[in-house]
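As written, the chains take the letters A, B, C, D and E, and residue 1 is the first residue of each chain.
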Amino acid sequence: MIYREAGDFHTSYTGDGQTFPIRFDRYRYYAVLAVAFLVVPFLINDYWANALLLPFLIYAIAAIGLNILTGYCGQVSLGTGGFMAVGAYACYKLMTAFPEVNIFFHVILAGGITAGVGVLFGLPSLRIKGFYLAVATLAAQFFLVWLFNRVPWFYNYSASGQISAPERTVFGIEVTGPNTEAWATYLFCLVFCVVSAIIARNLTRGRLGRSWMAIRDMDIAAEIIGVNPLRAKLSAFAISSFFVGVSGALFFAVYLGAVEVGEVFGIQKSFLVLFMVIIGGLGSIFGSFAGAAFLVLLPVALKVLGVDMMGWPTDIVAHFQLLIVGGLIVTFLILEPHGLAQLWRVAKEKLRLWPFPH
Amino acid sequence: MPDQLLFAIEVTINGLMAGVLYALVALGFVLIFKASGIFNYAQGVMALFAAATLVGIMDGQVPFSHLINAIFGTDLHHFGWHLNAVVAILLTTGVMILLAWLVQRLVMRHLVNQEPIILFMATIGLAYFLEGLSDLMWGSEIKTLDVGIPQGINETIDQITFEAFGYGFFIDNLDIIATVIAALLVLALMAFSQYTREGRALRAVADDHQAALSVGISLNFIWVLVWSLAGFVALVAGIMWGAKSGVQFSLSLIALKALPVLMLGGFTSIPGAIVGGLIIGVGEKLFEFLLGPMLGGATENWFAYVLALLFLVFRPQGLFGERIIERV
Amino acid sequence: MLDTAAHQETTTETLLEVSNIEVIYNHVILVLKGVSLKVPKGGITALLGGNGAGKTTTLKAISNLLRSERGEVTKGSIRYRGEAVHAADPAELVRRGVIQVMEGRHCFEHLTVEENLLTGFYTRKAGKGEMEADLDKVYSYFPRLKERRKSQAGYTSGGEQQMCAIGRAMMAKPETILLDEPSMGLAPQLVEEIFGIVKNLNEQEGVSFLLAEQNTNVALRFAHYGYILESGRVVMDGPAKNLRENPDVKEFYLGMSDEGRKSFRDVRSYRRRKRWLS
Amino acid sequence: DLVMPSLSYRTGPYAANGIPFADGYADYFTLLNERDGGIGGEMVRLIECETGYNTEKGVECYESTKGEGALVYQPLSTGITYQLIPKGTADGIPIHSMGYGRTSAANGKVFEWVFNYPATYWDGASIAVKHIQSLEGEDLSGKKIALVYHNSAYGKEPIRTLEELSKKHGYELSLLPVDHPGQEQKSQWLQIRREKPDYVMMWGWGVMNQVAIQEAANIRFPMDHFIGIWWSGSENDVIPVGEGANGYKALALANPGDHYPIYEDLKKHVYDTGKAAGAGDQAGTVLYNRGMYAALLAAEAVKAAQEIHGTADITPAMMRDGMEALEITEATMTSLGLPDFGPEFAVDCGNHGGSGLGKVQQWNAAEGTWDVITDWIASDREIIDPLIAEDSAAYAAENNIAERCN
Amino acid sequence: MLDVSEGYTTADGRKIGGVVMEMKNITLRFGGVVAIEDISFDIREGEIRAIIGPNGAGKSSMLNVISGFYVPQEGEVWFRGKKRPPMKPYEVARQGIARTFQNIALFEGMSVLDNVMTGRLTHMKSGLLSQAIWKGRAEAEEVANREMAERIIDFLEIQSIRKTPVARLPYGLKKRVELARALAAEPKLLLLDEPMAGMNVEEKEDMSRFILDVNDEFGTTIALIEHDMGVVMDLSDRVVVMDYGKKIGDGPPDEVRRNQEVIDAYLGVAHD
């Protein structure tokens, strides 16, 4: 396959501003969507859904959210786990309080509530910058987890402090609870994921996106040329938290079904999503997908390879898995500090020059 | 109620002591941040790795024995020696220097002049790697670390205070020793960064890799140097915490205790690590003591962060951190 | 004004020799397409050329700072005193006596002005006394720095930072200095002074210079020899005097036409540069 | 063959505890295969899957193994248990959370597919209180008991029971949560030092245990007044503390030690033939024995199932029937080479929680052994049964489950 | 001395109007350093006003005061006949003041086009929802502003690098992109901090041309800091000279050039 973008001229600014200005890319994008919506649901089974695709889609939403904040607006956050927990608990409370409302709206509302909480914890970002901010967001992480653990109202006074998702349906098809079909949960998450990606893409290519990136690249200069840092940062926190909240809600309601806050939404989750964003590529929607895929699939792939195919003891495989994931992260960063998305871009650039080396 | 007051004092003193232990971990972060602007996420895992290596060397454990046995069907476990603690500490220090050299060689030198977040990410990769390595080398069971540090209530203080106030204060011997060690470390490191040309070079590197290169500062050397120092600090932290709770995976999580200390004291300040540690230690203990029962306890984790956060709102670079330069 | 040509003839030993180097950034962007140049011992060599011609890249290739920008030298060789240096550590080069003053100042923001200067002393083994003496010398060249010695470099003005960067390089007592746009952002008086200092160091202490400059006028006044770079290639070189007389150089780099200097106001239509290559 | 998944955790924060359990679980099945040629002539196939004590990996393990015909899952973490309860119920695969997980799953009327015999956390709380009662001459009024617990679903489990019991017995309960991971417990123990409770109970896990025991030793808390749940009573928790841990007590589901006849068989058929799962240094430890015990109970359930359905190659549904018909007597245990090891109990349709018996063991630092110091203690059904009924009823209502067995 | 109280006509016949911006007795201190000491001057409609002075004189600080980034300890800023209350920099920008920076402050992570578009942010108002679905106002606004941005890109002749990430550009082009970004805001008052540093004569000529054209075609008032005396003398209508915080001269270029104090402090030798 030789990559060509010659011949793709645009006669309008609308055309030039498209997400996939190159026809070839556009077709590929439609093809991926078609497969995801029309083919995968017929092939999917529980294993693929629960072990790979659901976590991939849900993490991708979280990664998109964090990427808006960190990749586009430059505010490093380690509170993602806490915000996912807000989404999950908000969704739980809504699901149990208004069982007649469609879960679809619960998830969206949960995102909205998380956005509010995100703004609250985003306020310090006006003063605090860089790694100081990153560490400061841990306050959100620990405080929120403590809160959900501590206040019984949040888990409806259940004895164990866990929350579990009751059965809910969309168009009469169950998407939460124990008796769901793999394809239904998959499609439900896919819709959210695709819509999130499209919205994120739209937001980042327009006014808002540019003001975020300006703040990211040089906040003082951005302010002097007319970006209101308060609004830019807080809107980034709000929108980022919205996506993160949605992913938290899906993570709880659709994927896991039952959640204990400290374990599922602990600090590890915050780091995991941040890794996805950085490995995938800061400031790239595609990167969010690549990063999520990498960190969801790689451990499973290594496990399958080591345990199922090579027959090694599980613990040795698990240790090697750490070694390999760590090694790969470093290797990728050395090869291309700007993530998988950039690696892809450079590859395309090379292809474009092909067969000449420069 | 004076009894209440005495107890509050006891809590405060113990908070100070706990703070010193946090500061020990925070110091490692500060060193590397100061010298290269890198937020070294792997510091906690380095403490684990150092402590595990120390125990392994002391007990004469065969490294990678599990792996070797699995592959070759052998039954290796121990070399059958027991090394003196001091010798083992020296050897472990050597291992940490080797590690520093490898980190420089394989990771850092390829990432010169990258943005801080990329370097941060690389240290995360490193943390994963070291975690796997540590498990693979020394196994993941709990190991007892005994280098002869006494633990438990200090009788003398107990007695003296009992006679004075009618209430014997509880102070842990381990904490006293940790305080002394931390004080020595901080003094030594401060002297190093203030009075040596390497100290100045460290700060230069943190500001601008390229410019540092251009004036002839060898980044490679500086990095081996600070990573070795940080490795040594990690070893010390690993020994203190390992003596407290055994050497095992959770040791790597002590990093989380060090982060608020770091924010409060400032990422670049060695004395800041100590002062921050003390404030956090006392703050969280007193808060738990005074308000914990009302809030249902277990407030320590978040309190430290919230305290540091509130503080930063007024002083965004922490207590002693370098002013964040904002200019156009 | 200066009889530099005569001076030029007397020194023949080549200190630094760049032959036919090619530089690629990010594996795909080819920037230098075979640049060769020589810096003789004790000479001031000027590297001239428009924006993006590759001056900075050439200097960085020599001082080995390219790697930190994801660039690499893919062809050709760089020799210092006859030894290949393109694999040497930048610090190693400084120890051998080659130091670069980078474009855009690159002061250590959080260090004070004085600490910045002292970092320049890093590679030297000399004692405290000598350090103080050298510091005083830099201060005597740049009195303004002395006034601001205790302020963080990040808070000094653009020109002060430029002085700081040059002073820092002087502290290393180098044999060869690669100067990238030293005049940028300096007040006219100071530009003269800086070049005076360059000349001074060159004549009194025998320091050789490779000078990348946009301010062709001044550069050619002080340099002995010049290279003109265009889109990654050397398009012209020769003794500074000859270049100064060259009509093309006169028109495009010195801004003088037959009628003498034109007012900036009078340049009615954009004159497109005549390309030697296109 | 009989597929037995083992969701082990040999890495991560709790690896030290996960390893011996997984080894015991594996070695017992290896023994059956090697010595008896499997169970009822059918070989056991153990599929180990590493969870790292992480919920999502646990789900992945479940999904990847369930297709192989897995007979019963030991989730080995409260979080994973809660995941698997609905999944196992939907897929028709039994879950055995032995001495952990959701206590009210003991109510088989609601939780058809979940078992937590031989005893639950609420039994544990009650057993500990009974032990204290026996030390205090049955009268606990005016006594102070503090609970140091892991601030998570697991740690919070006993609170309700202890509160009910305090109403009944008149002791004063104070609660001291410790956040994960629990390396720093100064404030909790200073509090204990000041309040001087008569007894301290602990629901801890991982590094929290050692630190608590260490701190207790530091403040000179009388160790024999400090009682941990069965997950806070392994060698890992006390050895690092050294001398100071002497006298610390913990509950036991089964006896520790390797002085049982079965160990001769294990040595002959497993260890010496190089088929041991781990390094072989865990034999006889508390958690190794517990892993082995879990495997034994599973194997016995398989036998029961084979008997009921008259086929050796059973399905998960048959396994469930076997588990529900399980009956462990001292005679069975003796015949299996483990006399005087675990409690006698029987499972039936309504009771999936076993007899709720437990012992108290005490650490002897000098010998480096856990000494069992009581006989089987029965829990206070009067208090626990209504609690179970209430909680499971709530679950049934939430999930539209009709009670069975009526 | 030229009387400018009522506006004046320049040598080449342009009409200069009333006062747009007036700085009254500005004093700015940083700890012990007095960067600006009691300086007053004005900028008039349509004029090109130069600020010169030795390094560290406080010129950039003065621009920072105008853009609201530094708040002077004393003094008042009057803009279009009104005293300006304390204002955040972005509010100043919304009033129609745009600028470039001495140490290039482009957004390195974005392409040239995006950088220029950020200059248009003060003109964009579409709501969140419309941006999220990229229909209606957001899209229309994007296209409209894109047209404006393209006009400026054409004007500054940087079409060929439109999609290049700015980090890759050489210094001189970056300066031009910065100018483009400032122009994109369609400012009333444009502040340029050393726009020609690091350029050769030819590029300076181009840049001069752009500045004159901006002034001419858009009627933009320009305040300019520059060290190249040739440029300053040729372009500016009036010059303020600063020396270590103090004002030592103010007037038309010819007059300033002959001022002995200015020669001593700054020029060194009298420039032709």
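By definition in this document, a contact is a pair of C-beta atoms (placed from the backbone, for glycine too) under 8 Å apart; a residue touches a chain by one contact, two chains touch by 3 or more.
Just so we're clear, the structure is a prediction, and the values are computed from it rather than from any experiment.
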Both-way neighbours, i.e. chains that touch chain C and touch chain A
B, E
Counting only Cα atoms for the centres, state how far chain B is from chain C in Å.
45
Please work out the Cα centroid separation of chain B and chain D, and write it as a whole number of Å.
35
Centroid distance [mean C-alpha coordinates] between chain D and chain C, Å:
75
Could you work out how far the Cα centre of chain A sits from that of chain B, in whole Å?
32
Scan chain E for residues touching two or more other chains and write them down.
69, 101-103, 105
The positions of chain B in contact with two or more other chains are 66, 135, 140, 296, 298, 301, 327-328
Tell me, which residues of chain D touch at least two other chains?
10-11, 15, 19, 151, 179
Among the chains present, which pairs are found to touch?
A-B, A-C, A-D, A-E, B-C, B-D, B-E, C-E
Listed in rising order, chain B residues that touch chain D in their complex are 7, 10-11, 14-15, 17-18, 21, 65-66, 69, 73, 77, 135, 139-146, 151-153, 170, 172, 241, 244-246, 248-251, 253-254, 257, 284-285, 288-289, 292, 296-298, 300-301
Spell out the residues on chain E that touch chain A in their complex, using ranges where they run on.
67-69, 88-90, 92-94, 98-99, 101, 105-110, 114, 117-119, 121-122, 124-126, 128, 131-134, 138-139, 141-143, 146-147, 150, 181-182, 185
Considering the complex alone, what residue numbers of chain B touch chain E?
328
Which of the residues in chain D end up touching chain B in this complex?
10-16, 19, 151, 175-179, 181, 183-184, 186-188, 190-191, 193-194, 206-207, 210-211, 214, 217-220, 236, 239-240, 242, 244, 274, 279, 281
Please name which positions on chain C make contact with chain E in the complex.
25, 29, 48-53, 56, 103-105, 144, 148, 151, 155-160, 162-163, 181, 184-192, 214-217, 252-255, 261, 263-265, 267, 270-271, 273
